[in-house]
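Here the structure is laid out as structure tokens; the discussion comes afterwards.
A, B, C, D and E label the chains in the order they appear, each numbered from 1.
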Amino acid sequence: MSFSVSIRHRMGGFSLDVAFDAPKGVTALFGRSGTGKTTVVNAVAGLLKPDAGYARIDDVTLFDQAAGIWLPVHKRRLGYVFQDARLFPHMTVEENLAYGAKAQRRDMSKAQKDRVIDLLGIGDLLARRPARLSGGEKQRVAIGRALLADPKLLLLDEPLAALDEARKAEILPFLERLRDDAQIPILYVSHSIAEVARLATTVVVLEGGRVARAGAMADVLSDPDAVSALGVRDAGAVLAAKLVAHHADGLSELTTCGGALLLPGVQAEIGIHMRVRIRAQDVILSRSAPQGLSALNVLKGKIVSMRQGAGPGVMVRIACADEHILARITRRSAVAMGLQNGDEIFAIIKSVSVAQGDVGG
Amino acid sequence: GEVTVFAASSLKTALDEIAVQWQTSSGHTMRVSYAGSSALARQIQQGAPADIFVSANVDWMDVLDQQGLLRDNSRRDLLGNRLVLIGTDPTPAALVSDDILDRLDGGPLAMAMVSAVPAGIYGVQAWTALHIWDDLKPHVAQTDNVRSALALVALGEANLGVVYASDVVASSDIHVVASFPQTLHDPIIYPVARVSENPLNISAMTFLAGAAATEIFRKNGFTVLGGQ
Amino acid sequence: MSWLGPDGWTAVLLSLKVSFWAVFLSLPFSIAIAWILARKDFVGKQVVNGLVHLPLILPPVVTGYILLMILGRNAPVGAFLEQYLGIVVAFRWTGAAVAAAVMAFPLTVRAIRLAIEAVNPGLEDAASTLGASRVRVFFTITLPLIVPGIIAGVVMGFAKAMGEFGATITFVSAIPGRTQTLPSAIYGQLQVPGGEDLALRLVLVSVVVAMAALVVSEVVSRRVARRIAGQ
Amino acid sequence: MSWLGPDGWTAVLLSLKVSFWAVFLSLPFSIAIAWILARKDFVGKQVVNGLVHLPLILPPVVTGYILLMILGRNAPVGAFLEQYLGIVVAFRWTGAAVAAAVMAFPLTVRAIRLAIEAVNPGLEDAASTLGASRVRVFFTITLPLIVPGIIAGVVMGFAKAMGEFGATITFVSAIPGRTQTLPSAIYGQLQVPGGEDLALRLVLVSVVVAMAALVVSEVVSRRVARRIAGQ
Amino acid sequence: MSFSVSIRHRMGGFSLDVAFDAPKGVTALFGRSGTGKTTVVNAVAGLLKPDAGYARIDDVTLFDQAAGIWLPVHKRRLGYVFQDARLFPHMTVEENLAYGAKAQRRDMSKAQKDRVIDLLGIGDLLARRPARLSGGEKQRVAIGRALLADPKLLLLDEPLAALDEARKAEILPFLERLRDDAQIPILYVSHSIAEVARLATTVVVLEGGRVARAGAMADVLSDPDAVSALGVRDAGAVLAAKLVAHHADGLSELTTCGGALLLPGVQAEIGIHMRVRIRAQDVILSRSAPQGLSALNVLKGKIVSMRQGAGPGVMVRIACADEHILARITRRSAVAMGLQNGDEIFAIIKSVSVAQGDVGG
């Protein structure tokens, strides 16, 4: 499966010129406010007819202005969560949820419906109308409506912005399963790198209507050059890992290029390949293997580059096999420790987040 | 000076011409407001700035008379009119039900409202006197005024219609197919009266009864009743 | 019975029948035209818009006259309808309904058009992303959302139809029991001295009927609007 | 000049004047009543609503008759106005304007009311949090947002006023140069044998004027609506 | 200055019963979606007339149902950023911004206006109308409109939800300055603990229309009991600190109960008292003073309690003077290190965020 988009469009003083190819999975659109993310999503959805360009999923062409192809919006089989919820005010929440199935003259699987309602915690709202729902409630119903339309393409425009962390933590795994099990391509707009790192296969960074950087998620997020676009606090690297054991004390063990990692209970089967994300900011470097620390995770590697930022920080890139770890430390530490390219070094890691599991990957 | 005349709509052709003539001969202006007699009478009750009222029937004039709204002794019977049966086909018709129903050919007989508008009321009196009202009644299409009845015939929607002789004058493609004997209905009378103290009223009323006006009224199919 | 005069009740019932069918049968057209005027741009749009408003602009008698010249038994369209479809409207109650419908049309269309223009197109977009065809979007989103506007239009149309006189009497005359509507009966009573009493009673009936329709419509419309506003 | 007959142009100008003032002077009341009906709940609301719709329900002649009975120079209110305020409307062009205003009122009010009901109260709330009093909120938020509705209402009202005949002739008669409006003139011509030609020309003028108003209003309204929709 | 609120209200199936007192500064309303945050804000604004209760700022009573006092909305001198932007569609962005000043017949200071426009990056949008602004642009204009109304009380309902990190990082210091310099009380609804920790003086946690926890920010955020309400990942403690030096390499030095902290350039004057927030998850414990690490910050303290969570983690509370540090480590580490209450321990801290500066505090 592949997803291929090229769009040129002018509106008022804003011009958009965006093209990217993405393999199956989640393509994250990332960028500051007003850079054209929603415009791209609208064009893919068919709500905006761009001046030129095309969008294709595998061999299905959604539109191709040059070839004069334009698949009507309602035939695109979309699940679009709009940046504003756009619930149907004259219908109950339940009728909103059922709209897609009805429009497609399809019976909605009760199991699927219950699952989504449960996931989103909107069971109590079913009989209510949208007008007086709270901000987050509206957003959850909008997500449910899109998911229950049985889409072949999910368009999510900041779907979790109004939600609390706990709710996000419940919804994200569900989206992961859609990506992996149902293999639905997803176009995902978000300002949260944590979300992007967890879900995205491909990251497309927009700046002023142009693609500033596009590529595999791990590459883009571990590229010190992309750091400015992403924000320093959120820079970090992603490592391949394999789940090898679940221990009795609730920790799961993974092997990586640089050694073993112990993480709080990972919900997956032994043998699975996954990716873990390590924020540059969360890495402490040590010359020698540290002793008597509460941190369980120490990875070994070799310094390949050190890049001085505008502030007092240095971004250290550490090679471990053919992957990289990023560490952001102070210049003072770098000098005190006499760090040099080529030095062997230990990376002490406190918090690790599971970024993505792709079986057989 | 200026005189305002409230006159029944059916007088429009004649009075418009007379107003022009009066203006040339006297230098005064005659404004004529045309509407249904009932509306005009009610307006006069409500203090309308009318100087002279010409009604299409005696009833409304009687009402004003009883309420003391007419200037003393100013009421005259100005004009008379004849009731005729018209059609687009010039063949004369006999005033018997067979012939008339025949000519209607299933279509309507156009008349002004039979219990409200004078022309309609006279018509019913005539048909009743002829003993054929019961036969015709189901076929009657009633219009809000006599001119609309004429229009129905002119447009070919109705083959026959009952109107005043004065209505038919100018139309070349409408023909009088029968005249109703005047004995069959109440006399058709257009009374006139002064309703204000405008000093020009006398001269205007005199002009209305004068030779020039008489000729115009006659030309337009009215009979002029003239007597004091 | 005699409280309303010999033909009074007949006229009341006829007016109800005429007004009901006038509004009911013209409603789909009103909605369609309103939608086109609200959402489409095309050459000649102003002409269509003008035609819709024409019955408002013209003195009713003229409208009746025009109807007569088009739909009369000897008129081109009227004759055609009669010959080939067996439909006659002239001098029938159906003709009164046509006249009432034509006179009410601009009012109904305007109300519905305003309502359509107030619908957020984003909702229609959202429906189409969920797989709804244009037609389905219209019937499941647009139409339900404009129900208050439709009710307003229908009530105005109905009220107008109940009061319409000039065009009706010119087009279909006033044949008691067939085309003599309530306003014709009232008009007749106003022409004769002393007819005011009966006229007043007829007016009262007319007002009561229309007010009842008005109150019902308000209640229904309020409920619908509140539904849409939530709760 | 003579193309429209001796009184033709006078009638056209008079109708324009009458229609303009009818709509212009009644607009504040239309907006006020529309706002009250859209936003307030009170005992007797249905009565007010009914009164507003009355001219639509009643045959125009009856409305004219009622006006005459209320505002005639010998009628209670009319006499009072004349004695104490020196205002006479009966049989003046101002009376024609009153009749036209009354007949147009339900149309204007409905259009504006629909527009007000479509305004998101959240915006008014937002304005008041920024320190705007109720009055200011109305004039800076509500009013600008309902401009398309006001235009629709004004156009309908103006068209109706241009075409109004029954109530006008009944209330203020048809005195040439003073109260004979275009529809009265048309009606008058239809009373004259062979007057159809002139009537048709008068109708044409009437249609042209109203269409021009319609087109202008469409353009203005579109521009305003587009403004509000952004761009 | 103090802010005192008590509200009881029923609507449909939802009942609200909330009361709290807060000192001057920012009161954060925190809680999951649908717990009544917006409802509280609306009541304070006067857009909702609660069944019973009152709201007071110092000696100004906004409303008091028992006493029959109701200050009309437009006299409350509010700056309310709604959860939905609610821009005036018929006005340009500039007219939207000027609305408050005009409504109050007040001239807007050009300097203030330019400052806000600049801060929010909306200078290019001034002539545009809101309808076609992007989601984030709308939100920024809404913030600007509220700020420029010269409010005496700011109500911010998730004002930064649709904004990117970089923009947030620009706006937060501005809000801090409003809080500190202009001394405007702020009621702040947010799902982001980072924002809350940075801004809030007082935190009120809502659950199902009730106050689950209310108190000084540092207390609430360092209370292991509050952890469930806040989300484990975001638990953490706040320490008082004093800025003592700005070093040449761009680091600033602060003293705390447990020793010196070096942070990347803190924008404040020497001598200032501030608060720093340390996420429990970011703390590594060590028995001995660590050597040869890139981490510069090591604080010394004494374990006072260890609380076992549901998962494999242990929350360790460490006393340092009369303050506390929270550390979240694995049970395995706790056992391996043989941690006991009363033990002396070193807390190694990689990332520290400045939570709040209160001069003379």
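What we mean here is this: a residue touches a chain if its C-beta (ideal position, glycine included) is under 8 Å from a C-beta of that chain, and two chains touch if they have at least 3 such contacts.
Going by UniProt, the chains are A, E = Molybdenum ABC transporter ATP-binding protein; C, D = Molybdenum transport system permease.
Since this is a predicted model, take the numbers as computed values, not measurements.
Asks: If you take the chains that touch subunit A and keep only those that also touch subunit C, what is left?
Replies: Touching subunit A and subunit C alike: no chains returned.
Asks: Hopping along touching chains only, can you work out the least number of steps from subunit B to subunit C?
Replies: Contact-graph shortest path, subunit B to subunit C, evaluates to 1.
Asks: If you count the C-beta pairs in contact for each pair of chains, which pair comes out on top?
Replies: A-E
Asks: Taking each chain's centre as the mean of its Cα atoms, which chain lies farthest from subunit A?
Replies: When every chain centre is compared against subunit A, the largest gap points to B.
Asks: What is the distance in Å between the mean C-alpha positions of subunit A and subunit E?
Replies: Distance between chain centres: 26 Å.
Asks: Report the inter-centroid distance (CA atoms only) between subunit D and subunit E in whole Å.
Replies: Taking the mean C-alpha position of each chain, the two centres sit 57 Å apart.
Asks: Taking each chain's centre as the mean of its CA atoms, how far is subunit C from subunit D in angstrom?
Replies: The separation of the two C-alpha centroids amounts to 20 Å.
Asks: How far is the middle of subunit A from the middle of subunit D, if each middle is the mean of its Cα atoms, in Å?
Replies: That gives a centre separation of 60 Å.
Asks: In subunit B, what residues contact two or more other chains?
Replies: Counting only residues that touch two or more other chains, subunit B contributes 151.
Asks: Any chance you could list the residues of subunit E touching two or more other chains?
Replies: Residues 12, 84, 128, 132-133 of subunit E each touch two or more of the other chains.
Asks: Two-or-more-chain contact residues of subunit C, please, as numbers and ranges.
Replies: In subunit C, the residues touching two or more other chains are 65, 165-166, 187, 190, 231.
Asks: Dump the list of chain pairs that touch, please.
Replies: In this structure, the chains touch in these pairs: A-C, A-E, B-C, B-D, C-D, D-E.
Asks: In the complex formed with subunit E, which residues of subunit D make contact?
Replies: 122-123, 125-134, 136-137, 140-141, 144-145, 227-231
Asks: Within their complex, state which residues of subunit C touch subunit D.
Replies: Touching subunit D: residues 46, 49-50, 53-54, 56-62, 65, 106-107, 110-111, 113-115, 117-118, 148-149, 152, 155-156, 159-160, 162-166, 182-183, 186-187, 190, 199, 203, 206-207, 210-211, 214-215, 218, 225 of subunit C.
Asks: Give the list of subunit D residues in touch with subunit B in this complex.
Replies: Contacts found on subunit D: 61, 64-65, 68-69, 72-75, 78, 90-91, 169-170, 173-180, 188, 190-195.
Asks: List the residues on subunit A that touch subunit C in their complex, please.
Replies: Those residues of subunit A that touch subunit C are 45-47, 72-80, 82, 84, 86, 88-90, 99-100, 102-104, 128-132, 145-146, 149, 155.
Asks: Of all residues in subunit E, which touch subunit A in the complex?
Replies: 11-13, 31-34, 37-38, 83-84, 124, 128, 132-137, 139-140, 157-158, 161-167, 169, 191, 193, 231, 233-234, 247, 249-251, 262, 264-265, 281-288, 290, 292-296, 311-313, 327, 329-334, 337, 348, 350-351
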